[in-house]
Amino acid sequence: MLLSVQDLCITRSSQVLLANVSFDLASGEALILKGPNGLGKTTLLRVITGLQPALSGKIITQEDIFVYAAHADGVKPSLTVTENLQFWADIFDSKDVSSALSAFDLNELKSSFAGLLSAGQKRRVGLARMLISNRLVWVLDEPSVSLDSASILQLEAVIKQHLQNGGGALIVTHADLDLGPRCKTLHLDEYKSKSPVYDHCAEAFL
Amino acid sequence: MSLWEYSNPVKFLKLSSRVLPWVSALSGICLILGLFWGFFWTPDDYRMGSTVKIIYIHVPAALMAINAWFMMLVASLIWLIRRHHVSALAAKAAAPVGLVMTLIALITGAIWGQPMWGTWWAWDPRLTSFLILFQFYIGYLALWKAIENPDNAADLTSILCIVGSVFAVLSRYAVNFWSQGLHQGASLSLDKEKNVADVFYHPLLLSIAGFIFLFLALVLIGTRSEIRMRRALVVAARRMPS
Amino acid sequence: MRAVLLRDLKLAMRLGGGFGLAIMFFLIVTVLVPLGIGPDLALLSAISSGILWVGALLACLLSLDRILSLDYEDGTLDHLAISPLPLENVILAKATAHWLTTGLPLGLASPLLGLMLGLPLEGFFWLLLSLVFGTPALSMIGTFGATLTLGLKRGGLLLSILVLPLYVPTLIFGAEVARRGSIGIELQTPLWMLLGVSFGVVAVLPFASSAVLRINLR
């Protein structure tokens, strides 16, 4: 088991968004999270990766297992594609930038400045960081936004390969990604919090 | 039954509503007595003349300016360690009071300094330290104002208060080193001989007590209105269609 | 940690703002002061070390909000927060990069500007030394201020209000070293105090800053 989430409640500025979310993610599995805008999907991902505290509930997982890709990819416009990726390779202590470049078909762009890339190309640079990180669980927030159909196929292939290698993926998306047989979908609507303010400290003020 | 029970906002409100009238009354009595005694029933100083009487405002205000920051430091530590909201809000409520006390100390100091030293302002270590303290209060309050999320604001201002305290002490030493000043030594101290004659001493103590109670009363009022404000926000959030 | 440092240096050089802006501002301040005070070189010479320290401090202040704001907006800090690199190291690397692109060049440029203000010759070495030893504290305290105001609208002015009182000890000891150096009197005490402040700040503030950063990322 890579990740087990039990009875998780999450808040955004002291409003409870989702209550009692529970799911498991096994090695080789992908879990797609669906739900309307403003439900708290991004917040959920940030809580799971540990960027934000949860109100209550348990997240059982290992240390240093996540890598996160979101709308903001940390791609620096004044660095080249290779320099951008090499930076993350140094941070995550992995040497291999070239395979990540070819997996997202970035070889032709590798020495151009990231500021000159289109939105979709920048997205691919951001996603290539996943491969460099060598982390087991990929947490992807809308990975297919601004990708063309060829790039989406690449993304699917890369994720499938990652799953075959024993990794896992947690994906928030509105698109229909084909990730093979070991892909579950979780509709988050059913966890939507009934009472928006439940915050125990907010209670204490009344 | 422990002290921490009153970290619950509701209990705090109940307790403070009972305590507040007494504290306010004590503050009023001490201040009126102390100031009247000081202003009208003490002789003029043989050297300073009647200007000495500003001591009954200047010294207590200066004391409270420093003690208010110290109280904010303790409250910030309690918030960071025990996460009691009342503590963070009390720190927030104390800051404007401390700021005004600092201003009073600076202004009365200037008024006193003009006839005594012949200048409204001197870059004396004590004066300069108070100017720096004033800046710390301004920064602390500005940070509270700037951050929307109340818990984040409480966390960040607490850390600023702790780091600021270290730098305030450091600045005090730096400023001492930088200039030997005109200002006399401390008027009151526990270990040294008294610097102030008895006739001035007793009304001064009374007036200091008055300022302490005044500070307590103002902080209680401030904390109560902060709690009510938070309560209003919670109620408003409940009513909002989700 | 080296990676963050090298990348920040590279970004500062490519964007061009890093070195140039602070030095230009430093130059402007040192030109404006004589214009305001008058051309009396004896007077200027007496206050030159102070002017240069205040100018360097203001120039340093100018570039503080660039230390972290770009990395905050484009998500780099989020990704670094879940990377194997501790946030304390990220903070330290960023402060070091700021020092290398701002404090150190300011220190190195100061003798030249000292010449324009009639700084006595024996003061040049101590001015340079005091700035080189003092500006690390300015960069580190500034980084702490930058983490506090991260993501706030109009954070720039707030940043200055927060940071200025924290700069007082560094300014006093640094300028005192430079002043005493320029008139050739004993300067051991302020020099050791300046070093003490710098080392203390660099040792302790990364922890406070990373705690603040974690709060601001959530």
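Chains: A, B and C, in written order; residue numbering restarts at 1 for each.
Following the convention adopted for this analysis, a residue touches a chain if its C-beta (ideal position, glycine included) is under 8 Å from a C-beta of that chain, and two chains touch if they have at least 3 such contacts.
Since this is a predicted model, take the numbers as computed values, not measurements.
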Middle chain, criterion being Cα centroid separation: C
Pair exhibiting more inter-chain C-beta contacts, A-B or A-C: A-C
For chain B paired with chain C, centre-to-centre distance based on mean C-alpha positions, whole Å: 32
Inter-centroid spacing, chain B versus chain A (mean Cα positions, whole Å): 49
Between chain A and chain C, centroid-to-centroid distance (C-alpha), Å: 37
Junction residues of chain C, two or more chains touched: 218
Chain C contact footprint on chain A (complex, rising order): 46, 49-53, 64, 66-68, 70-76, 78-79, 83, 87-88, 90-93, 129, 133
Residue numbers on chain B that touch chain A, as the complex places them: 8-10, 85, 148-151, 227, 230-231, 234-235, 237-238, 240, 242
In the complex with chain B, residue positions of chain C that touch it: 144, 148-149, 152, 154-155, 158, 161-162, 164-166, 168-169, 172-173, 176, 189-190, 193, 197, 205, 208, 211-212, 215-216, 218
Residues on chain C engaged by chain A in the complex (per definition of touch): 2-4, 7, 10-11, 14-15, 71, 73-76, 78-85, 217-218
Residues of chain B touching chain C in the complex: 132, 135-136, 138-139, 142-143, 146-147, 152, 155-156, 159-160, 162-164, 167-168, 170-171, 173-175, 177-178
